[in-house]
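Two complexes come next, and they have one chain in common, chain A, joined by chain B in the first and chain C in the second.
Now for the complex of A and B:
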């Protein structure tokens, strides 16, 4: 039995916005795999909830008229993993969210909830950062789009304007981001399932036509700082060069300059740094292989 | 892949992989656990736990909690009877010096760990109860606390219980030969180490819970427990009421692993119902509470010095010091450390042994019984040190064990246990053959790349039941039904391990029924009805129940044949019961079925008889139950991860009553062993004593994604003391996996790690120390 004050069921995006304006203190709930857990712990006990879970218009993956991949915010992890568009263009995202929790959680948990939580360990977040996803928010003044790196403000806080009744409605991957691009995500956990990432690393590359050179390399980490982060120093090492073992080594060490993992009882800073280097290496090598390239 | 296992002697109802008697109900969700029997009007009792590790409650402000709609009553540590009680699920001892330490109250003013029980809120619903708990304002006078077992023994350490100076609950020794003299021998190699195992929790699927109500002035408690008859006694003692006033009912439970071999919240629940006019009240532990405020496995630190003769590979002398971290309350206390201490010189008999064990209070959650009862800890230390000994003298570790391990014919003077077969060597030989140990021992251990393979072995010592330390008794009742089936009940409980199925098979065997399906085992124990038994623990169920089942079956059979004498005109000694029929032995002629006999006996207007039998058997035997684990690992050096790629247990637990259930026992034990070796550990904040990971996300219970296929095999040497040739298997499988993993990692990497779990943090530190990991950028950082 949950200690909730009230539950409002939104029937459409417009209705959700209206409810949010009427109940600014209320918490949005989608799949509930985070909100209900927190409520049970007493953190959100006694709160009002606005459920958006029944809004089917916010569910599913498609290609929009601008050729963006559009992922409705209510799309579940297991849906994303098995979706043909995801599998064709950005398979790594499907693989990343297939590592969330357990099968039950993956059936109920949504990508919108995963990002709106603003936590650094979210399995979708590092891949969405590495693929420069665009977050779509809908409020009383219409639609607002912003790059995912700007969506994350600080640990646990994202840019959603409650006073404008905003809810996150979709996540977009622009064509320029996914075209001819191949990536790999490594989740580091202390066990092989039912795990929260100690560190997550997502790398993707686009190779030159002859597959000899890395046209573009992007890398992002989760849990390497308070919010998911890209590594410009590492990317600079890889962009426009031929992949060699020495370059990969240099790339992985450069990542250290950009990240700032913390010491906690869950893992020491030294340990996370060590693993970060190894993960960068392995994720880049696998991305290059997936793109059809070779390491010289 | 394994050879077909033989039947036990000429018996044919045991020794078969029958389907569990409760399989269909459990698979379809029909089985009723305590929550499924809950009275609709039960009040919710929620517990306020201390948020300091040590100190006194000076006041509790109840006003806000009492004002919450739905809150019925708030009770605090200032309201409880001043009757200290012991909680351990041990049989009562008539000798006061063998009785468990009475060191806790229903709610405690002197709080001794973060999570101690200080008050309860009783409410009409769960939300109000939880709100009430949050609204209680508790003031404390804080005291210094201590978490480390050896620091707790120091002079000036924070004192937990006045009667135990230096926090030492108990200290015992075990001396054989003359250690000081023995180590003077020339040319001995000294192998010394500190070994440590962590605080872990049982993590049974069903958290502990119970409900209580009053009926005709008596208290009824329905509890998720392993030990209903013992709980009746503890509830009586804690409440200061006659034991006959208490009725405990134990329905199906979702596992226990020893945590529920303790009085957990049954006494508090029983008391709460008396405070609300006998209305039903329920206590349901959350997972977070289960981790902290139930029981845990003892964290134990061992110091071992072993002196090995290089010439013949024999151990000349051994010194073992055991420091067992008891936590805040005595619970099972020193029994755990002592079991390990006394096992060392049996497992590897040595001419000179000097052993000391201390069990010490600290400000951690109370440690109690957990599957293996100290032996997973002792086996880890023992066989890690033995492995180090073998390596120190350049001998193969299995060969070293073959030279030193308990021989056939060994008898322990205290328990009288005898090793009737060459069990250890047979188990090791079978395992080595199945896993191709010798080839892999040579092939692995030389990898130089990032992935390193290793194979390791661990052995363990175990016994069966608790004779001669405690009472061993079993009672049961059998009733011949009118359809020729038999209803049977006993005090040894089904806790998920499949005991009821084993009882059905043994009963069918002993009486001569056609099938184990003709036995209806009453799974639920009710202390008003069920013959007294002490419950499920010490891997005793099948062995101990076997005695009373055989004895009671004989009594029932005697009554059946005596009645049959009137009907068939044959003498009882010419008749037998086979496959549910009464037959004449000489010519095997079927005289009548049991159904015909039962109907005739019941409805006979001249001589009507309801045929039943009941008896108690006092067991004055114990039985060794040994085995080993072989493990293969792959260590990913750079990622600091060890993956178990193969695990194989071989056990000699006597004759198998049900081979499929036996394999399932081993699989569960291996799973628990893998978690113990690689990932599980309850962590405490050094600054506050607060547990940091008391949930199933942060506490790394291993998942099946962390397991390889679990393999096992059995050497079925019949146990001579058992009526069914069987002995313990409940706990043994979890004793040796962790040390086998440790030894496999040592083989793979050359790095001996003496504390578990060997998780990535530990591997990072140890592999770095050994030079296998070198973060060169860190050197530059230092410049």
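Now for the complex of A and C:
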């Protein structure tokens, strides 16, 4: 038995919004692999829960009328990994979420929960930042969309307006972001399963038509600061440039100007900075290869 | 104030319903209401896999799954793998043949993940198989035999020659 005060089960998005307005103190529960564990630990004990898990309309991946990739917030990690749209356009996201926890956790864990808990180490977060995902929130005043970098306010806090009854309903990847773009994610952990990243790095590139120059390069880290972050200094080095070994070296070192990792029991700041450089390098090289380019 | 709900689902091939406390986990419901004691209470935080069951064919740690979410779902536990006269399924027999059991506590969970793997009907590489089995802890550390039992059954079901002794 879980130590919960009450459970409100939402049957639709509208019902969830109504429940949220009626019970502003209640915690939203999607897959529950964070919320229930915290409840068991005592951190969230005695709280009211609003379960949105049964809202099937919030599951699945599709291409919407604006040609965005639309990922319903309740889509599980394993369904993202196995989805043909994800595999075709943003395979790196499927690979990133395939490194969360264990197979069973990937069947219950949702991309909405992974982002709404505002944790910097979330395996989906660095890739969603690197692909400039849009977060869709639905509340009593309708739909609000915002870039994922604005969604994360600080560690553990995201921009969801409880007083407007908002819940996250989808994550969108715009066509301008995924078209002809190839990426790679590297998670550094101490073991292969049931592990939280010591550092995560996601890079993607779009090459010019002749595949000689990098048209656009984007890089983002998780656990390199209180929230996932992009690295504009590193991106500036790679954008519009022919990929060479010297450039890749410069790119990886430039990432250090943007990141601000901390010392924790999982890894020291110095170690995180050290692996950040190597991960940037490897992820960029792999992204270029996946895009069909060569390093001169 | 207690809160209860009727939960209808299909467990091991039978349509069933029970009134459950909304605070119950699926582990609580399966053990206490249906006496399916293959569903073990291990860590109860989704790390060890001892409570693993198949829900609509996918493996879930039932300890971090609310009982009320079982509404309308098809659930398979280890008890559901047996034949009508208690005959063991191929994967259960393989665990015996490969001595993939020591204390036995992790076994039902492992076998249910194996059931999901085998139902996919794919030939996985060793690395893929290890990753697919990584959601379970065996504190007797009998992983190698468990791996062999699953691999052997996978090859057998696909009618392929086994490439290891």
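The working rule: the second predicted complex is superposed on the first by the 296 of 296 C-alpha atoms of A that agree within 3 Å, B and C clash if a C-alpha of one lies under 4 Å from a C-alpha of the other, contacts with A are read in each partner's own complex, and residues count from 1 in each chain.
Everything that follows uses one rule, which is that a contact is a pair of C-beta atoms (placed from the backbone, for glycine too) under 8 Å apart; a residue touches a chain by one contact, two chains touch by 3 or more.
In this text, all values refer to a predicted model and were calculated from it rather than measured experimentally.
Of the two partner chains, both chain B and chain C are touched by A:192.
When both complexes are overlaid on chain A, the residue A:256 reaches chain B alone and has no touch with chain C. When the two complexes are overlaid on their common chain A, residue A:105 makes contact with chain C while staying clear of chain B. Residue contacts after overlaying the shared chain place A:157 against neither chain B nor chain C. Judged by the touch definition given at the top, the superposed model places A:3 against both chain B and chain C. Once chain A of one complex is fitted onto chain A of the other, the partner contacts of A:267 are limited to chain B, with no touch recorded for chain C.
By the touch criterion defined above, A:275 lies against chain B but remains apart from chain C after alignment on the C-alpha atoms of chain A. Residue overlap on chain A between its contacts with chain B in one complex and with chain C in the other: 1-3, 192-194. Those residues of chain A lying in contact with chain B across their complex are 1-3, 42, 45-46, 188, 190-196, 198, 253, 256, 265-268, 270-271, 273-275, 277-278. Within the complex formed with chain A, the chain C residues making contact are 1, 3, 21-25, 28, 44-47, 49, 52, 58-61, 64-66, 68-69, 71, 113, 131-132, 134-136.
By the touch criterion stated above, chain A contacts chain C in their complex at residues 1-4, 6-7, 9, 29, 32-33, 36-37, 40-41, 51, 53-54, 78, 101-105, 107-108, 192-194.
Of all residues in chain B, those touching chain A in their complex are 125-127, 130-131, 134, 638-640, 679, 683, 685, 692-693, 696-698, 700, 702-706, 759-761, 764, 773, 775, 777-778.
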